[in-house]
Amino acid sequence: MSENMFLEKVVSEGISHLSYIIGHGGKAAVIDPRCDCRIYIDIAARNGAEITHILETHRNEDYVIGSKVLSELTGANIYHGKAFDFDYGTPVSEGNRFELGDLELSVIETPGHTLESISIAVRDKGFSNDPIGVFTGDALFIGNVGRTDFYPDRPEAMAGMLFDSIFGKLLPLGDHVLLFPAHGSGSICGSGMAAREFSTLGYERINNPVLQNKERQKFVDYKVAENHYLPPYFKQMEKLNKEGATPHFENLKSLKAYRADAFESASKEGMKVLDIRSPEALAGAFIEGSLAIPLNMVPAYAGWFLNYSRDIGIISENVGDAITASRYLFRLGYDCVKGYLVNGLTGWETSGRQYSRINAVHVKELVKRIQEKEAFTLLDVRTKEEVQRGRLPGTLHIYLGHLPNELEKISKDQPVTAFCGSGLRAIIAASILKQNGFKQVEVSLGSMEACAALGCPLEI
Amino acid sequence: MSENMFLEKVVSEGISHLSYIIGHGGKAAVIDPRCDCRIYIDIAARNGAEITHILETHRNEDYVIGSKVLSELTGANIYHGKAFDFDYGTPVSEGNRFELGDLELSVIETPGHTLESISIAVRDKGFSNDPIGVFTGDALFIGNVGRTDFYPDRPEAMAGMLFDSIFGKLLPLGDHVLLFPAHGSGSICGSGMAAREFSTLGYERINNPVLQNKERQKFVDYKVAENHYLPPYFKQMEKLNKEGATPHFENLKSLKAYRADAFESASKEGMKVLDIRSPEALAGAFIEGSLAIPLNMVPAYAGWFLNYSRDIGIISENVGDAITASRYLFRLGYDCVKGYLVNGLTGWETSGRQYSRINAVHVKELVKRIQEKEAFTLLDVRTKEEVQRGRLPGTLHIYLGHLPNELEKISKDQPVTAFCGSGLRAIIAASILKQNGFKQVEVSLGSMEACAALGCPLEI
Amino acid sequence: MSENMFLEKVVSEGISHLSYIIGHGGKAAVIDPRCDCRIYIDIAARNGAEITHILETHRNEDYVIGSKVLSELTGANIYHGKAFDFDYGTPVSEGNRFELGDLELSVIETPGHTLESISIAVRDKGFSNDPIGVFTGDALFIGNVGRTDFYPDRPEAMAGMLFDSIFGKLLPLGDHVLLFPAHGSGSICGSGMAAREFSTLGYERINNPVLQNKERQKFVDYKVAENHYLPPYFKQMEKLNKEGATPHFENLKSLKAYRADAFESASKEGMKVLDIRSPEALAGAFIEGSLAIPLNMVPAYAGWFLNYSRDIGIISENVGDAITASRYLFRLGYDCVKGYLVNGLTGWETSGRQYSRINAVHVKELVKRIQEKEAFTLLDVRTKEEVQRGRLPGTLHIYLGHLPNELEKISKDQPVTAFCGSGLRAIIAASILKQNGFKQVEVSLGSMEACAALGCPLEI
Amino acid sequence: MSENMFLEKVVSEGISHLSYIIGHGGKAAVIDPRCDCRIYIDIAARNGAEITHILETHRNEDYVIGSKVLSELTGANIYHGKAFDFDYGTPVSEGNRFELGDLELSVIETPGHTLESISIAVRDKGFSNDPIGVFTGDALFIGNVGRTDFYPDRPEAMAGMLFDSIFGKLLPLGDHVLLFPAHGSGSICGSGMAAREFSTLGYERINNPVLQNKERQKFVDYKVAENHYLPPYFKQMEKLNKEGATPHFENLKSLKAYRADAFESASKEGMKVLDIRSPEALAGAFIEGSLAIPLNMVPAYAGWFLNYSRDIGIISENVGDAITASRYLFRLGYDCVKGYLVNGLTGWETSGRQYSRINAVHVKELVKRIQEKEAFTLLDVRTKEEVQRGRLPGTLHIYLGHLPNELEKISKDQPVTAFCGSGLRAIIAASILKQNGFKQVEVSLGSMEACAALGCPLEI
């Protein structure tokens, strides 16, 4: 086996999902493939290998896994932890091994995030019997650990399991072991994850803040006290990922190119309008009734607001962005994107149709209004943790994902200014308010980051 | 409709099949799509258009048409001539019209190549009612016209129809009309087609040699006297193209990466070995029993020699070439390419397995042997027309496509030197001879082109 | 010479400049290369050819020609018309010929647009002595002809020359001849050019509106009556294209990634801020003092407003757009783009820095204001021809390019609403007004196209 | 600094040179850039960063470093170790630090491979003061360490320095530290390097075979006993890398497309013919006098045989390979590749020109000949180490690089069969023999790997 080993990371943007392909000797394994999976086949081919193994570290809840479609295209077997009753694939247990040339992958059961979670240790048998790396799924991240709140009836048990998995199984593999987790930095609103996508077990043992809770109970207490949000689409993902969906992106109908009139007609017949332009463009002009989610936020927030059974029509600056959005949505299980508005909003404007705007408000103006006790609602849609780290005085806090269900908390009689970390989530909130009959809606472009930069007085 | 019209030609290499996408006003039509058809969708999207119409100029016999798969992906309707009973799509008649923004496509029935052949005239209605271009399918090419031998019981009738179609319908559209045929230059062994892929009806009227037969009978006589070969795979194509195949290249299994031992095993279990390397590489070392077809010749010659129900394993210089070959074969309806030999022939050689060579013979040596009346067979596998234009003295002529069925004409008792135009077809022939027990096989690299360059004495 | 001829069109977006590469027999010629010219070398290589000839149809005034840099990279000779004293290259005369395999290019002197303008006829000598195509430079377009106003002291003489060139030399080549002009459709604000980029001399003879002026004097009168604008950067282009600039895009410094603070500092030290986002994004939030030119308008309008000796800093939605803009500017001779604002306007907003907005006004609101005689200025920045075809009542017309020099015509005491064809030029105008101290500035998104769609009452 | 850190490895194929770009906060550093360096600028732009620092771990001898051209394109400063008198850049010392957002790079002097060698430790200061990774240049590799034979007068001193650098400075950074060396696996004929490109200091400490020499003297003895070859081009590289070459790949003349006649003429006027096709293709047909180096071997072996002042003409299967070869050669400082033979060897053959072949010999035949004591020379061109691990009986060993100078050791009176590890180097040797008047030359395709697979009897 003289040729090179290869190991590549494939990122699903927005949710910062990390999958991996590793191979040697003409064989390759893919860990946690995304559903638009042609990329793995291309990498394998470039390395003169075929994909022979597909490994799932756990049943995912935040995206549709591509195992079955990749298996169809390659003939590879699918393996996952035995503690969950998947409708497809082969269950594996502690110590099961797979060989790829000189590489050996072996299964370590690491429950905690979910019951069936496994990690995969990697050895270069041509060199040594020591592990050289480990794929940890959602058990251990760089700078954080997996959430343990998915079994609401037994939070402590799950947190305890995670402790045992990390301290009893993963860290003992050795400080020198490379760490390959299933999520990485860049989740825009994530907390705690490092900005760095390279680390080792030793570096995490020493520096991962959560791992400084070295006593089991302290760790459990820490985890149980965490706050996590549970988007409604997780249920859909869990169902699909139990059954083993076979989503084939290449077989989807191509996007229709709607002129303004056709776009309006389709919309009147039920197509949901999703506007993925930047916050500034949305503020400048948008179509009443549309849902605004700037493109990069689509993976993280679409699942909160979009219905799986309703057609979707996209407004974007260009066709490429619309296709990217449809790919992001497809990864979340949405196969109902019908098309896009030709020439974007310019196509709409030049047709003579009506459009609105959402005025942007600078944080200095907000501070002034607060000081002058003007009558307006400052709606902060960040997470609980973010708000706890500092907020403008007098804000109403409703987490963005919960907004559609808590609109009655907001007065329609005075202006509402949507506020978040930077303005990106605020524009989503503003569009939801507009959809729901709020007339005086504004958006704070800059939001908390601008407050921090300017030293605005905050409450904690 | 202020935006640009677009018109792009998409070439299927090797068979030099030309398809087209044309559009305006957010709509596009594809003429004679190939089956790996994602490219049309991408072009349409880049132009802010959707594909709404698919037009087939005739039932094709030399490749699998992609109409149905493109229709599935886009929702576009399929149209073809009414004089054949297709199992799918909508029949159209003389004068039927389709609008794409300011563009108008209209049907002209132009039988001759086949009964149901149609041409499609293009008008820019925003500008004029004159036609600006015409898609002529296999009726009229640049420098040639379509073959009329597909109805063996009525060759004269078909040739006459073609005359009427060209002289009665196409040329009258006007000298100024752009010509967009379904085949172009580059068919390596084609005859008569220009090396140029741009022309007009006027240029052809004046300069196309076949069109200088301006009297109907003279034209008919000319066509009837032509010699054409009928590869066996045409039957398979005709069947698929009647039914409307839905080949989806993206859904094919990815290629397996065979090590030498696995490749040999699969071969022993029935997988046909197809070696697509260059004639020189094939001459230098090859595996006994394999079929040699240099990559660029695959589209034109694979259909003569490969069985549709047998697995295929590819030998190439690199993975990219193997994938290209599998795509070429797929366009001919072969979905049975299983994989490729890792590291190509080097992978085989270093495994210690046996290989052979085919000595290359320079034409000077051939001339010398002929003059000295050495005992050897000079096997010329070119077409009848090529041979009629000049041959080395004493050659045995068997057309390459007919070779497997005419092997008994060749003595096994003396050396056989395969000869063609350049050496590319000769190496195919040489590999067929080797497969069939000929021991003393050589290949003439350079072949007739070298003879011509050197002024070797030829017979006519 | 058995291999294929090739002919490809290379478009410079925005100015819709068309250049061509044509070749056969291992040789290729490029007609009117743009300065980012690696693309021609790649096309030639793909076709197994080297670039041996570079032909300029005339001294260009609207972009920097890439002849010298392409010549440096390929060793090809440069040829242009003899009636201008270029500092480089070789003058050619009527009838000079160049051979590329079977292709023959021959020079036709076609003055009118400029004195030294030439056209290049193409023949396929392997086929016929008839011309098959002609590169016409700025003499004859699809649906229009070249402007003849560049020699202000002799407008009639130039128009007459153009008549003679077209009617005396080009059209006589024959109806069947393919037409390859140096500009195509898509010039956003152009007038008269067809939306179609394929045509023939015959089609133009019959359908080109300007060519219906078949009497010389009528043609001259028509041309002399035309209105054309002369952007200031034409002078710079003419100078560079006389000398033969050697702009090498690959040698330019890469763009700096400015954080908000560094961007502001650089701006205070003299760097001009160019905001290339969409009109809606510019309306939603922009930095006071910046010049707004939406990306697709940069090639057509940057030359009116940007100084060649001042650094430029770009604001865009993403890095790719900034690089595209720097390429567009480079083609106009600007090599002074320093960098871009990291994270675009969000990077600015989250730094706490100030931003403004420009309210968008719907045309219905404009009509209402006009009817109700509200005090506001409706500033129409379209061309004279566009305005003559219809305008809203009471508008002030100043052509966009002239705006910086005619600001004194606009009252600062009442709101100004910028208006154009669609809103794209209006946002440029609005940004110029803001830069010059106008406080109450609005933009009409939709503008005249919306008026037309809605049937607003117009004056003619 | 909320955005992501990025770290990408850029490989120069063939010599398996590894360079890196790492960045955060809009800034990036490149470690040991190759000279075709546009790739770093593109990666930086994709990450919204600019390149601000260029670091050289040592003066390289096996390729031309791209520091100065990258510096010209970006404005970044260049830094290298102070123990060598570079003509450009800034010397740095132990402990010097550079900040890129939250990342800190710090200099560690690690002499041994060369005197001025430095390593660069990486810290994520937003997270911890512990190092997370280290760029080790040619001090420490994965599975091996750098060679220490470049100062022939003090081999022990250099080896001792390397011991001190590794054991005294690098390993103490901690087992958990990621290792980023300057060379990786895939050097076809390298020895000892792992097939894996990911490792940590801890994994190497435990498993790197050379590091098991934990006593200084034992380590020094081990290193001094090693055999290394010194290709002549290293001198040229050292000179260029002292001066700071500014090679700009994009400014090179594009390749000429030679027809057979022009290729032959240029060759007769002094152009060296370099044939980069596969060993099988070279065996099948080649041009007498040409130097054969299969494409993937060009980076490793061209520098032994090609003169810097002589033009080079390439023979390849396609244009893409010729361009790749010219890039490989450029990285070695050759800017004299003039062009390629159009249509490769087929173009030559069809011109009627002469060609030769080199018969391939299977190892079974070699064994038989040896056993039967046939008169022939079996020329083994592998390295001394390879030969020491096993050889066929009676072989003549001359290292490939030394072959041109040791030809007198080989008898011209009997057949010579070139032999190596797989056949790739053997074909190079065979072509050198042919160039030098050896008439009976063969090549062993399969060579030692085939012997090993078949269990041929070997001498040790």
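Quick notes on this structure:
Going by the order they are written in, the chains are A, B, C and D; count residues from 1 in each one.
The rule is simple: a residue touches a chain if its C-beta (ideal position, glycine included) is under 8 Å from a C-beta of that chain, and two chains touch if they have at least 3 such contacts.
Given the structure is predicted, the values throughout are model-derived calculations rather than measurements.
When chain centres are defined as mean Cα coordinates, D lies farthest from subunit C.
Set side by side, B-D and A-B show the greater C-beta contact count at B-D.
Measuring from the averaged C-alpha position of subunit B to that of subunit D gives a distance of 43 Å.
Rounded to a whole number, the gap between the C-alpha centres of subunit B and subunit C is 42 angstrom.
Separating the centre of subunit A from that of subunit B, both taken as means of CA atoms, is a distance of 48 Å. Counting partner chains per residue, subunit D shows two or more touched chains at residues 3. Residues 1-5, 7, 24, 102, 124, 126-128, 130, 132-133, 143, 174-178, 184-186, 194-203, 205-207 of subunit A are the ones touching subunit D in the complex.
Residue ranges of subunit B in contact with subunit A, taken from their complex: 3, 26-27, 38, 41, 44-46, 48-51, 72-75, 248, 250-259, 319, 323, 339, 342-343.
Listing the residues of subunit A that touch subunit C in their complex gives 277-286, 317, 344-346, 349-352, 354-355, 357-360, 362-364, 422-424, 445-447, 449-451, 453-454.
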